[in-house]
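Next come two complexes, and both contain subunit A; in the first it sits with subunit B, in the second with subunit C.
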Partner chain A sequence: MDIHGYLTFLPYAVLLVAVAWALFAERLPFGDKGAAGVGALLSFVSAVIFVKAEIGAYLFGGKILFTADARFACAGICLLTGIWLLWTAGRAQGRIREAVALGLLASMGSCLMVSASDLIVMVLGIELATMPAYVLIGYRRNRVNGLEGAIKYFLLSVLASLLMIYGVTFMYGIAKSTSFGALNMANAGSLGLVAVLLLFVGIFAKISAAPFHYWAPDAYEGAESWIVAYVSSVPKIAGIVLAMRLVNFIASASKTAVFQDTFSTILIIAAVASMALGSFAALTQRNTKRVMAYSGVVNAGYMLMPLVVMSASSVASVAVYSVFYGLASMGLLLVTASEGGEIADLVGLSKRRPAAAWALAIFALSMVGVPPMAGFFGKFYMFTSTVKGGHTWLVIVATIASIVSAFYYMRFVKAAFFDQPAEEIKQAEAPVVPVEPAIDEPVRTTFLASTALVICTTLVVALGPLSGFLLEWILNPTW
Partner chain B sequence: MQVGLEAFLLLSAALFAIGLYGAISKKSTIAILMSLEIMSIAISLNLVAINRFVTPSEMTGWFFTVFTMVTSAAEVGIGLGMLIAIYRRAHTSEVSDLDEMKG
Partner chain C sequence: MNWIIAIPLLPAIAFLLTVCLPRSVRNKIVMLPVVMMIASAVLALVGLIKVFPGGEIGHSIWSTSWTLATIAASPLKLSLSLDPLATVMLVMVSIVGSCVQVFSLFYMKDDDRKGWYFTVLSLFTSAMLFLVMGADLLFIFAMWEIMGLCSYLLIGFWYKDEAPRKASQKAFLVTRAADIGFIVALAAIYTQCGTFDLATILSSAASWAPSVLLVVSLGLIWAAMGKSAQWPLMVWLPDAMAGPTPSSALIHAATMVAAGVFVLARMLPVIALSHIGLTLLTTIGIITALVGGFLACFQTDIKKMLAYSTISQLGLMFVGLGANAAVPTLFHLTTHAFFKSMLFLAAGIIIHATHTQDMRKMGGLARKMPITTVVFSIGAFSLAGLVPLSGFFSKDEIFASVLKTGNTTIFALGLVMALTTALYVSKAWFTVFFGKPRTKGVHEGTALELVPVSILAALTLVLGFFSPAFARFLGHEGAWPEMGLATISSVVTLAGALIGFFMYAGIIDTEKLSHRFNILTRAFNEKLYFDYAYDLIIIQPYMKFCDLCWKFDAKVIDGIVNGVSKAYVGLSALSWSFDGSVIDGAVNGCATLAKKTGNTFKKLQSGRVLNYQRLMVGAVVILLFVVVILKGA
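On to the complex of A and B.
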C-alpha cells in the first residue's frame, strides 16, 4: 500500500479538525455559529475529497475496504452533514457547539461504518455513529420529554448493540478471523445462522426496521426537530449501506442453499413487517416527528427489499435511494424545525414563509415518489431491480405502502397550503419551548439556513433525472 | 481434566441470558444498566475464550475485548449522565414512570 491509500483517509482527518474547532469554539472567533459554519464548510470539503477518492484499495492491513458504494455513501453522508450544519449555523438557538461536535463525530463514525471490512472496525464505527445520537436526542437538558426519549433510545439501542456484538463474537469464532472476506457462516450449521441473525437484530435496530423500531417514535418526538433531521437521516444511510455490504460479503462467502434461503427469508420478513407496521402507525399520528419516525420505518422496509435480490444494480439503487431519502427527510424536518412540532403548527405556512412551504411540498412529493422528484427515481430503480430478481409480490407490497404514504405526507402539504388557522385553538395549544439564552451576539445569520434549504431542494429536484449517472458511477467506477 | 471451549461458551451464554432477562424485566434504570453490563461481560468472556481456543497464535480476540470494554464503559458513562439529568427534572429513575409519550 502506498501513500495514495492513506490519502483516502484525509476526509476523516478533515472532519476531526471540524470537531476540534467545535470543541474549542469558546476561544475561537464567531463562537458557536462560527463552529457550525466551519463544520459545514469542512463537511462539504470532505464530501468533495470522498468523490475524488481512489477506490478498491484495502487500507490498514485489510481493516478498511473503500468500494464504490462506500464512496458514494460517504460523500452523501458528508453532504448531508454539511447541509445540516449550515442550517444549524443559521437558525439553531442556544448553546449548539457540542451538538456540532457530536454531529460531526457521528458522521465520521458513519463513514467508518460503511467503509469497514473488518468486524472490529465495524463495531467501533457503529458505536461511534450511535453514541453521539443518544446525547443529541437528550441535548436540551431542561426538556423532560427529550431526556425520556433519549433514555428509552439509549437502553434499547445498547441492548441491540450487545446482541449484535454477541453475534459477532460467534462469527469471529466460526470464521477464525474478523475479516469480512472470511465470513463463511454456512459450515457451522444453526450456530452460523443464529450469529448472523443476532448481527442483523443490531443492524435492524440501528436503521429502525421492524420489529426493532419501537424506540424511534418516542426518541424523535422528545428531541428538537433540527436534531431529528440529523438523527433520522445520516445514521440511517450508514446503517443501510453497512447492511448491504454485510449481506454481500456473507452471502458470497457462505454458499450453501439452506443458509442463503434462510438469510433471505429473514430479510423479507423484516422488509414486509417494516412496510406494513410503519404505514399503519403513521396514518394516525398528529406529530410531525412521529410521522417522520414511522416513515423512516417504512423506508427502511423499502431499502431492505433489494437486499434480498443482491444483484449489482439492486445494491447501487439502495445506496442512491438512501441518500435521496436522507435529503428529503432532512429537508422536511428542517423546514418544520422553525415551526412547532405538531402538523397543526404548519397551518398558514404558505402565507408566513411561502418559499419554505414550497420546499416542504417538494420534499413531501419526493418522499411519496411523485415523478419529477428524486424519490421517484430512487424508488423506480429499487423496485425494478427487485422485480428482475423475481420478488414481484414484495414490490406490490411496497407500492401499496407508497400509496398509503401519500395520505400522511400530503397532510403536511394540506396543513401548509389549504387549512385555515383557527386562532383560539392555536393560542391554547401553542407549545412553550424553553430555550437556553443565546451565548454569542445575535448576528443575523438566517440566510445560511435559507441557503441550506435551497441546496437541499435543488438536490432533491435535480438529482432525480441524474440518478442514472449516479448508478453508473457506482456500477462502473472507472471515472 | 481439560476444560474446553464449550464450558466457557456455556458460562458466557448463561451470563448473557441472565443479563438479557434483567434488562427486559427490571423497572429501575440502574438495574437495567447493571444487566447490560453483565451482558457485556459475557461478550468479553466469549471473545477471550474463542481467542484462546480457536486462534491461539493471534491476538485478534484480545484486542476486540479491549475495544468492547472501552465502548461499554463509554455507554455506561452516557447512561448514568442521562440518568442524573432525568432524576433532577422528574425525580424518578423508574422506566415505568417515564411514560409522557404514547402512541
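On to the complex of A and C.
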C-alpha cells in the first residue's frame, strides 16, 4: 500500500477526529455548535480528499476495493454530511453533540459500505451505518414518538439484518470465500438464488424498498425533521450504491442466464412494488416526514430499476441519482425542520421566509423531475439506460409513479405559496396525532443554516446539467 | 399430468396465504382452506381414475424434480413421483382431510383462534400429501418433521390449559427421540448410495454391506415406532387426546400415525433383506397390538378408548409388515383411516351433545341421535371386524399373510387381540347407545357434522368389497378371504362381542373380577406403568440435572451479572441525579415524562410491529417461493 492507498483512508481518520471532537464538545471551544461546525468542515475536507484519492486498488488484503463509483458515493456522502452538520451548527437546539458524533459515525459506516469488497466488511459497514440511526431517531428521550419510532426501526431492522446475514452465511458456504470477486452463485442451483435473495432482502430494508419498507414511515414520523433529513439521505445513498456494486460483482461472477434472469426478477418485483406502493400511499398523508418516507420508497424503486439491466452505464446513473435524491430530500426536510411536522404548518412560509420557500420549491421540483433541476437529469439517465436494457414497461410504470408522486410534492409548494392561513378550518381539521413539542426559541435565521441551504439549492440547480460529466467521471476512471 | 402437483400444493397454498394474515382476517376466511382441501380431494379422485388400472408399487406414472442446491457437487433434490401406492394414499388422505375440515367448520366455530387451527390443519394435510408423493428420502424426512411440528401445534391448540400443553410437549419429545433413528438411517444410506433418491436406494439395497442394512432397518423401524405410536413409545398418543377432537381424527387416521406405517411400507424391500428387521417388526407389532387392546378394555373415556384402539390396530399393521405383506397392511391402513377418523368425528358429535367424554355418563343415545348411532355402529363393527364391513376384510388379509409365513404363535396372539377388540367395542357400544339415558338435552348433530361422517361411513361400508381390486391396483394378486380363516376370526369376534355384552349387562361381574386380580387391574389402570417408568428413568434424572445447572447459573453466573448491573445502576443513578438537578432541575418535567411514558407503553402494545414483521417475513416467503419454484433449475 503506497501513499495513495493511505490517502484513501485519510478521510476516515479525518471523520474520526471530528467524532472525537464532538464527544468532548463540552470541554472544547464553542460547545455543541462548535462540534457541529468542526464536523461540517472536516466532512467537506474528507469529501475533497475522496475526490482526489486513487482508485482501482485493493486495500487491506482485498477487503476494500475503492472503485470509481465508491469514490463518487463517498464524496457524495461526506458532502451531504457536511451540509447537514452545517445546518445543525446553525439551527439545531439543545444538546446535539451526540447527534453530531452519531451522524459522523454513520457516515463513516456508509463510506465503508460502498467501498467494501468483502462480505464481512460489508456487514460491518452496514451495521455501523445503521446502529447510529436507531439512536438518532429516538434522539430526544422525552419525545415518545421518537422512542416508539426508534424501537420499531430497531426491531424491523434487526429482522432484516438477520435475514441478510443468513443469506451471507449461505453465500460463504457456496463460494467458500467472503470476497465479492468470488461470489459465483450460479452453480449452486436454487440455493444460490435463495442466498442472494436473503442478502437483498436486507439491503431492500436498508434502502426502504417495498415490501420491506414498513419501518420508514413510522420511524420518520417519530423523529425530528432535521434528523430525518440525515437518515433519509446519507444511508440511502450508501445502501443503493452497495446494492449496485453487489449486483455488478454477483452478476459478473455468476454468468448463467437462468441465474441472472431470476436475480433480475427479484429486483423487478421490489422495484415495481416500491414504485406502486410508495407513490399511492403518500397521497393521503398529512405529515411531511411520512410523505418523505414514502417518497424514499418510490425513489428506491426508481433506483432499483436500472440495476435490473446490470450494465455499466445503468448502474452509474443510479449512483448519480442517489446523490441528487439525497440532496433534494435533505434540503426539503431541513427547510421544514424549522416549521413543524405537518404539511399544514408550511402555510404562509412564502411570507415568513421567502428564501426558504423558494428553496423548498426547488427541492420539490427536483423531486418531481422538472428540468433543469438535478432530479430531472438523474431520472432521465436512469430511465434511458433501463429502456436500452430492454425493460421499457418498467419505465412506463416509473413514469406513472412519477406523475402520481408529483401530486404530493406539489402539495408542499401549494402550502408554502398559495394556501391562506385559516385558523378556524385548521382547528376543525386538526389531526389527533400529537404535534411536535413547541420549539422553545423563535425561529432565527442563522448564517450557517442559511449557508447550508444555499449550498444545497445551488447543487440541486447546478449539478443537473453537469450530470453528464459526473457519469463520465464514474465510467472512465482515467479521466 | 402436471396438475397432479396441485393435490398437495392446494392445501400448502392455503397455509401460506393464511399464515401471514392477522388473526381477525384469518378467522374470517376459514372457508379458503376448506375449499382448497376439497378441491385437492376432487383432483385426487380424478388422479385415481387416470392411474387406473394401477401397476407395481414404485412404478412411476408421473414424476418431477427440482434441484434445490448443489452441495459439494451432489445435487440436493426435491423430487415427487406418482405411483399407484401414492395415488391410493392421496385419495385416502385428501378425503379424510376434507371430511375433518368440513366437520371442524361447525365444531370449532366459536373458537377465537379457529383461523390458526385451519391453517395448521392445511399444513398438516399438505405435508402428508407431499410425503406420500415423495421420491426422495430426505424430502420425505422433511415432511415427516413438518408433521411432527403440526401435531405439536394441534395437540397443544388449547395451550392455556395445562393438559394440552404437557401432552403436546410429550408428543413432540417422544416423536423427536424416535426421529433420531430416521437421521441415522439417512446417514447410513448416504454412505452406501451417495443419494437419497428412493428408486436408487430400493434397487441398490441388495448390494449394501449387511451392517449398514441392519442400521438402516433398525433406524427406520425406531423412527416409525415413534410416529406410529408402537410399544414402548406409544405413550404420547393417548395424551394427544387433549387436542380438538377433529384434529385427533386426522392424527389418528390420515396423517401422523399413518406416516410411520407408510414409510416402512415404502422401505419394506430394504427391511425385508434382513431377517432381524422383519422379526423385530412382528414382535413389536404383536406386543403393541395386545397392550393396546388390553388397555382399551380398561378405558372409560371414549376418546382414550379410541386412542388405545388405534395403537392396537397400528400394532396389527406392524405385524403385517413383519410378515413382509405390504399390500394387506396398506389396505388395512386405508380402511382403518376411514373408519377410525369417522369414529373420532362421531365421538366428537357425541361429546358435543353430552358434554362429557366419560362413557359411564352416556347411555341411551340410540333414540336421541339415530344418525350418529348408525354411523358410529358402522365404524365400531368395522373396527371389531364384523362381516361384511371393510375392517373384516383388511384384518383377515393380514391374518392370512401371517399364516402364510407359518408363524402360528403370532396368528394365535393376533386372534387374542381380535377378541379384545370385539370386547371393548361391544362394551362401549352397549354402554353408550343403550340402557338408561344419563344426560339431559341430548340432540342430534348438525348437517355440517353429519355429512362428512356419513361419507366416511359409506366408504367403510363398501370398501371391503374392493379388497381384491385394491391389491390388483397395487400390482398384486387379489383374493377373497378364505372361508376357514374367515370363520375362525368371525367366531372370535362374536365371542369377544358376547363377553362385552355380558360385562355391560352385569352377567360377568367386573367389580368382583377386578378385586380378585387386584394387581393386574391396578397395572392396567396405571397404563402398565409406562409413563411412570419414563418419569423415573428419563424425566426425573433430567430434571435433577437441570436443577443442578440452574443452581450453578443462579449462584455463580447471576451473581457476577447482578454485581455488574448493580454497580451500573448505581453509576447511572448518580449521573441521572446530576443530570436532573443541574441541567433540568424541573419537577414538572419529570411529571410530563412519566405521563408520556405511560402513553408510550399504550402505543407500543398496539402490536403493529408484529404485523410489520409478519408482513416482511411473508414477503420473504413469497419471494423464496417465486425464486425456487418458478425459476429454480
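Note that the second predicted complex is superposed on the first by the 455 of 479 C-alpha atoms of A that agree within 3 Å, B and C clash if a C-alpha of one lies under 4 Å from a C-alpha of the other, contacts with A are read in each partner's own complex, and residues count from 1 in each chain.
Criterion: a contact is a pair of C-beta atoms (placed from the backbone, for glycine too) under 8 Å apart; a residue touches a chain by one contact, two chains touch by 3 or more.
Source: prediction; values computed, not measured.
Colleague: In the overlay, answer first, second, both or neither for which of subunit B and subunit C A:Leu155 touches.
Modeller: Touch partners of A:Leu155: subunit B and subunit C.
Colleague: If you stack the two complexes on chain A, which partner ends up touching A:Arg353: first (subunit B), second (subunit C), both, or neither?
Modeller: In the superposition, A:Arg353 touches no partner, neither subunit B nor subunit C.
Colleague: Check the residue A:Val123 against both partner chains and state whether it touches subunit B (first), subunit C (second), both, or neither.
Modeller: After superposing on A, A:Val123 lies in contact with subunit B but is clear of subunit C.
Colleague: Could you tell me if A:Val201 is touching subunit B, subunit C, both of them or neither one (first, second, both, neither)?
Modeller: In the superposition, A:Val201 touches subunit C alone.
Colleague: Regarding the shared-chain residue A:Ala188, is it in contact with subunit B (first), subunit C (second), both, or neither?
Modeller: second
Colleague: Could you say whether A:Lys289 touches subunit B, subunit C, both of them, or neither, answering first, second, both or neither?
Modeller: Neither partner.
Colleague: If you stack the two complexes on chain A, which partner ends up touching A:Arg411: first (subunit B), second (subunit C), both, or neither?
Modeller: So A:Arg411 meets neither subunit B nor subunit C here.
Colleague: Once chain A of both complexes is superposed, is A:Val144 in touch with subunit B (first), subunit C (second), both, or neither?
Modeller: In the superposed model, A:Val144 contacts both subunit B and subunit C.
Colleague: Check subunit A for residues that touch subunit B in one structure and subunit C in the other, and list them.
Modeller: Comparing the two interfaces on subunit A, one with subunit B and one with subunit C, the shared residues are 142, 144, 147-148, 151-152, 155, 159, 218.
Colleague: Where on subunit A is subunit C touching in the complex?
Modeller: 142, 144, 147-148, 151-152, 155-156, 159-160, 163, 174, 187-194, 197-198, 201, 205, 211-212, 214-215, 218, 258, 261-262, 265-266, 269
Colleague: Which residues of subunit C touch subunit A once you look at their complex with the stated criterion?
Modeller: It comes out as residues 66-71, 75-76, 589, 592-593, 596-597, 599-600, 603-604, 608-609, 612-613, 615-617, 619-620, 623-624, 626-628, 631-633.
Colleague: What residues of subunit B sit close enough to touch subunit A in their complex?
Modeller: Listed in rising order, the residues of subunit B that touch subunit A are 16, 19-20, 23, 29, 32, 36, 39-40, 42-43, 46-47, 50, 54-55, 60-61, 63-64, 67-68, 71, 74-75, 78-79, 82-83, 85-86, 89-90, 95, 98, 100-101, 103.
Colleague: Across the complex, what residues on subunit A touch subunit B?
Modeller: Against subunit B, the touching part of subunit A is residues 119-120, 123-124, 127, 131, 134-135, 138, 141-142, 144-145, 147-152, 154-155, 158-159, 161-162, 165-166, 169-170, 172-173, 176-178, 217-218, 221-222, 284-285, 290.
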